[in-house]
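Take a look at the structures below.
Both of the next two complexes hold chain A, though its partner changes from chain B to chain C.
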Partner chain A sequence: MSMSKKSRLLPVMAIGATFSLLLAGCAGGGDEASSDEIKIGVLAPDTGNLSFAMGEAKKAVDQVSKELGLEFGGKTITIVYQGTDGTTSSAQSAVRKLVENDEVDIVLGPGSGDEGLTVVEYALTQPDVTFVNGAASPVDQTLKGADNFFRFMGDSVMWMGGLGKYAYETKGYKNIYLLAEDYSFPYDNAGGFFSEFCAAGGNMTGASWVPVGTTDYATVLSSIPAGTDAVYVGLGGSDAANFLSQAVQAKTPYPLIGGSIAIDPSALGASADIADAAVGMFSGGPVPGAGYTNTLWDKFNSEVEGVNIFTLLYYNAAYALFSGIKAVDGDLGDGQADLRDALKATDFTGPGGHIVLDSNNQAIVDNFITEVVQNADGSLGTVQVAEAHNVKQGTISYQRFDSCP
Partner chain B sequence: MKSVITWFRNNRVLVSWLIPVIVLVVAIAFPYFIMKPKFWVPNIGIKTIWLGISAMSLTFLNRYLGLLSLAQVAVSAMSAYGIASAMVTFGLDWYIAIPIGLAVGTLLAAIIAIISIRTVAIYFLMITLAISQVIYSWVSQEVFVNGRRGLAPVRRPEFLLEMNNFYFFALAIAVFAYLACRYVASTPFGLSLEGIKDSPDRMRALGYSVSKYRFWAITFAGFIASLAGIIMVFDRAQADPDIVSLNSTLDVLIVAVLGGVTSIGGVFLGGLVFTLLDNFASDFTDRSMTLTGVIFVLILLFAPKGLTGVWEQLKGVFKKPSSSGAAKDLKTIAKEAVDTSSAKTKGKNQ
Partner chain C sequence: MTSEQLFQIFLNGITLASVYFLVASGLTLIFGLMRVITMAHGTSYLLGGYFGFSVASATGNWYLAALVAAAIVGILGLIIHQVLIHKFQNDDLRVALITLGVAFIGTDLMAATYGGDAYQVPAPSNWLGTVVLPFAGSYSLQRLIIILISIIIGVALWLLISKTRYGAIVRAGVDDSQMTAATGVNTRVIFASIFLLGSALAGFAGVANGTLFTLLPGQDGTFLLYSLVVVIVGGMGSIPGAALGALLVGLVSQFGLYFAPTYATVFTFALMVIVLAVRPQGIMGKVRL
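Moving on to the complex of A and B:
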């Protein structure tokens, strides 16, 4: 055989071998669950601006496993992790793989807004599988009538409860500009804030809905109209960190109000010097700040490193789920009916306060308003400004808006 | 072995149909020999088909018109939105919704054709990408299609609720799309397109209306892409902006490149590799996107014409070494003739 033939054949063989290995690997994946095993599929973003969420979900599940164990009534809990990139198509592929290939009994997730609606639609087609939401917070997730879907956290409108009034009455802001990522979570989150703020008498001076993953905010900063008292920042993860860094560089004169994932260790812990922009920023959400009196919160922080909103929400969800499995002693019941009854009866106080479910399997929760402060060592943290108990879900979900909703 | 190769050489037309027929037989048998049909039929089989059809419309334009369009995903998506709007917003039946979806997608393709008809090469690619992104922004903000939340649920018709029925429905559409592309390519219209691809000026000089041919070719490719939209919307059970995002556009481009960007049928092979990687790369490593990227680069490196180009590479391997001038290709013969002729002329001049 001549060299030219060899050089042609080798790549063909290499591609053939790769393809065969891939097929073999694919066919081998997804072992079926045995009768003495309960398989839980954890769904969380591991790519994109919320890629850190998967790490937080793992930390949360590990912590719950330590606290409650992985064996109930002779059955062992097996965990399968599946990443997404935060988009609906990715969530759909991932949840289908967990249910149909890995044959999990329960799905714990997803972690991002748009994904949440897709997973609920899918849950409606899978009555034999129980779905426990991870950290996704669109309002209508629990209004779709999916009896097998549970959410042990507030929605993104609930998280903003009290913040609009606080901005108008306590801080005295009359005109606020909106900057937020362009997807369903900030729609609801900002909608919750501005509906309350505008009802109190405030005015919205304009809006910039930016694509997720935006790195340059110079145009937005320069387009904030004169007369604006403050800017609402509905960004999360690396986007929030980038914005705060650029706000400092641009010497932005406006005070900032954060969406529920803007004031977060991943943004506040950024290596860039963001203190000038971040200090004084306040937000509403499920994560308490310093000064919150709850021994479980202190214990949680001492045992889990770098707690943020995703760690807390996945922890609450996993804790409720494992407690439900423990309550039925590992026997999920016919069509998982016993487990679902146990989940519906959830009533526990966790690190983020008291949680019970309403008739839509939606949590009634505690909510917190926090403000960013600079600690003595120069690091940034949050302090508790106000807290609300037994916050219930409304029925309004928001679309993208450019003036008071 | 020798006789097999000779048979293949002597029956090229038959062979050109033999491979698609074998692929079709394997595709028909697919739901019956896989271990977990509940997962593999929708997530690998059906997704491969709609990705493949969307990519097929792209490869059709590239192969026969020499234009690389990045608006094909937008066309598929608008077909999906047409069906979703008809069923979710207006409560129409599927048999009315599907023609509406096809009409919306094909109409969009015709509009894209009118806008981009006078551009070629990188300019055509950029203008189609821009149109695709405009549509993404529009559906993200348009209240009529429920903005970012999209339209859901888009329920499959009753006769497609059984997953195998849906798979064979999708397969039938794929066969129809493939045959339609090959048929159109074999007509005088298709041959004219190849002429336009090679030399639009010459075709214009011969009296052909190049713009008119391009318009109809882009519209036809849009119709093919719209077929993908039908399967996609019933597979995903929803239509949201994600189906027309830049990521989705790049997915279909990758499928086309993996399969072979000039191969009408190869797109399904590209689609298969893509869906396998999409679903299973994360089982091998936490850095699944990196693995997908590395495999993509390796395929491009070792099989620059895509996976269907591997067949050409194999033919090269088994090609009989030329012991005489009989195996010389036309190019070599022509070059030798020119050399001989110029040598003779030189001799005479001297």
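Moving on to the complex of A and C:
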């Protein structure tokens, strides 16, 4: 074996590794759009810590298709699914592929925070395509002036409404430590919580912003300063499940407060030993807990298996979109102007409550505070603690912070 | 930082290093001996974890799960070597592309079977809980057990490679496979056995890691990447090198997570860049002429 052959191996390894990372999320393309079809590109993570989201998006779109049909005014809806890994670069190439290669008329997605900001920037350059947000929740998405972008869900600050006061006044926590993933969703989500908690008189004892996909949280757990009453866990999906299982292993003494996706079934449903840490955790968000009275919520849960935050948000988005297409009888002419007017006029009550849009195409929604309990069969679920109606978006967005924002 | 925190973080680094070592030791053996990089190594890791989860959930027996996962993944690795790789063994680019193809197929099949949910291999009930250690305070028992298992496997591998006749043949093959073949050694059998062993180690690592953390799609790529970093830092083809590389990567990432969590990943790759700049053959790697 000569040195030259050996040295050739490194670039091969590097190229291979890059390919493996780049191509992991790619799926097949579609055909050219024809005049009697409406092509919708659905964007959702299928790799990484939110990899289950694509499955939820599919369930949601299938359910809406079942309820409203796939034919409007003689036009048939065709769906192209495109996976991402939850990062900006992946969302950027995926949305470009949908719009520029598959030539979709409408994009439904994306599913994660940083992706959402990228897709809005892209929407500003594609005025002929309508974008309906899937589950991404950074505040700024609807404050960038994109007329062709619609969001039928609350943002991540809205989801935390009431939670800071609840932690301080009802639970009596005075000092809270922050642990969160380092991207736009937890910035706003935790920002919403701590701004309210600190305004009520609470104190933040420190912060660990960890990379998405961190598997080992034991080091973070051991670095929580003395005098901390509780820990805010701004993690989602498998990161949250990992954290909770390690909190159980390490017998963490702190009560936990969850970010909006930390106590969701998407994290609690993991096949892992997390109950001891998860029970008693509370959070705010768009998913109601047991005790919520809404027949549509009961119906949704009976017809769709394993509902979590992504199923609900993609369902609401798809329902609003299909209803809009129905209202214009499938006519996307005039630069989709009629469809956008129909979307702006959205006013419906769904499984998660009442939804209308404000002047920024941002939904005014219902919001819930829920707490984790263990069901009789040993599975984990949430119960309703409080609910708020007609929650409107504010204008403050947050960046990474290490003390009270 | 208190001294207790220091020791805790040190132990966390060693835990992570144990898992990286298990994955990377297989890769370094295959790489050192055959000069081929198998891009499917991460897939073997994740597949082992999933098999381990299924068997442990069904039988409640972790040891059986680890054994079955290692055996099945090892045999799959052997089949892939015999059917797909053997013919093109001297063409490294082609082997990389073939194994990349295998990795894609494996990734999609696993996603189709296990979906996007997170899974954790249930640990034996007597592994749960914590033990109180001098300096470090209480520490998770199952982490200590995984560290111990890794050390045992590491020492056994080292003994196998450096103290046995089989190991001597492997080492001869690492140094000059053509000359080794010329002395009458059936290198095809040796190569096949190393592929079997390397893949089985990756499968076992999936079970060990899946017990401490969760298994999910995308981890195959992550673990392939980290084991490449470990192998590059430690030196290709060297078991002690893989141990040292894993230790450095584990400790750097955990101390990074404490001092500057946002940049924890950066430190790990900076370590690789520094080693490549100062000692391109890796810390324990030999310069080959």
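Observations, loosely collected:
Keep in mind that, in the parts below, the second predicted complex is superposed on the first by the 375 of 405 C-alpha atoms of A that agree within 3 Å, B and C clash if a C-alpha of one lies under 4 Å from a C-alpha of the other, contacts with A are read in each partner's own complex, and residues count from 1 in each chain.
Just so it is clear, contacts are C-beta pairs under 8 Å (C-beta built on N, C-alpha and C of every residue); 3 or more make two chains touch, one makes a residue touch a chain.
The structure presented is a predicted model; accordingly, all values stated were derived computationally and were not measured.
Contact with chain B, but none with chain C, is seen for A:Glu121 once the two complexes are overlaid on the shared chain. In the superposition on chain A, contact of A:Gly206 is made with neither chain B nor chain C. In the superposition on chain A, contact is made by A:Ser51 with chain C only, not with chain B. Of the two partner chains placed around the shared chain by superposition, neither chain B nor chain C is touched by A:Gly280.
Once chain A of one complex is fitted onto chain A of the other, the partner contacts of A:Gln82 are limited to chain B, with no touch recorded for chain C. When the shared chain is aligned, chain C comes close enough to touch A:Lys251, but chain B does not.
Looking at the shared chain after the overlay, A:Gly394 reaches neither chain B nor chain C.
By the touch criterion defined above, A:Asp182 reaches both chain B and chain C. When the two complexes are overlaid on their common chain A, residue A:Gly381 makes contact with neither chain B nor chain C.
In the superposition on the C-alpha atoms of chain A, the part of chain A touched by chain B in one complex and by chain C in the other spans residues 2, 5, 8-10, 12, 15, 19, 23, 46-47, 85, 182, 400. Residue ranges on chain A touching chain B, taken from their complex, read 2, 4-5, 8-12, 14-15, 18-19, 22-23, 25-27, 29-30, 46-47, 82-83, 85, 87-89, 92-93, 96-97, 100-101, 114, 117-118, 121-122, 124-125, 138, 182-184, 187, 397, 399-400. Of all residues in chain C, those touching chain A in their complex are 1, 4-5, 8-9, 12, 15-16, 35, 37, 39, 42, 53, 57, 92-93, 96-97, 100, 103-104, 107, 111, 115-120, 122-123, 128-130, 138, 140, 142-143, 176-177, 212-214, 216-218, 221-222, 224-225, 228, 232, 236, 254, 257-258, 261-262, 264-265, 287-289. Partner chain A is touched in their complex by these residues of chain B: 35-36, 38-40, 42-43, 47, 140-141, 143, 146-150, 152-153, 236-238, 240, 242-243, 245, 247-248, 273, 276-280, 282-284, 286, 288-289, 295, 298-299, 301-303, 307, 310, 313-314, 316-317, 321. Considering their complex, residues 1-3, 5-6, 8-10, 12-13, 15-17, 19-21, 23-24, 46-55, 85, 182, 208-211, 213-216, 218-220, 222-223, 237-238, 241-242, 245-246, 249-251, 267, 269-273, 400 of chain A touch chain C.
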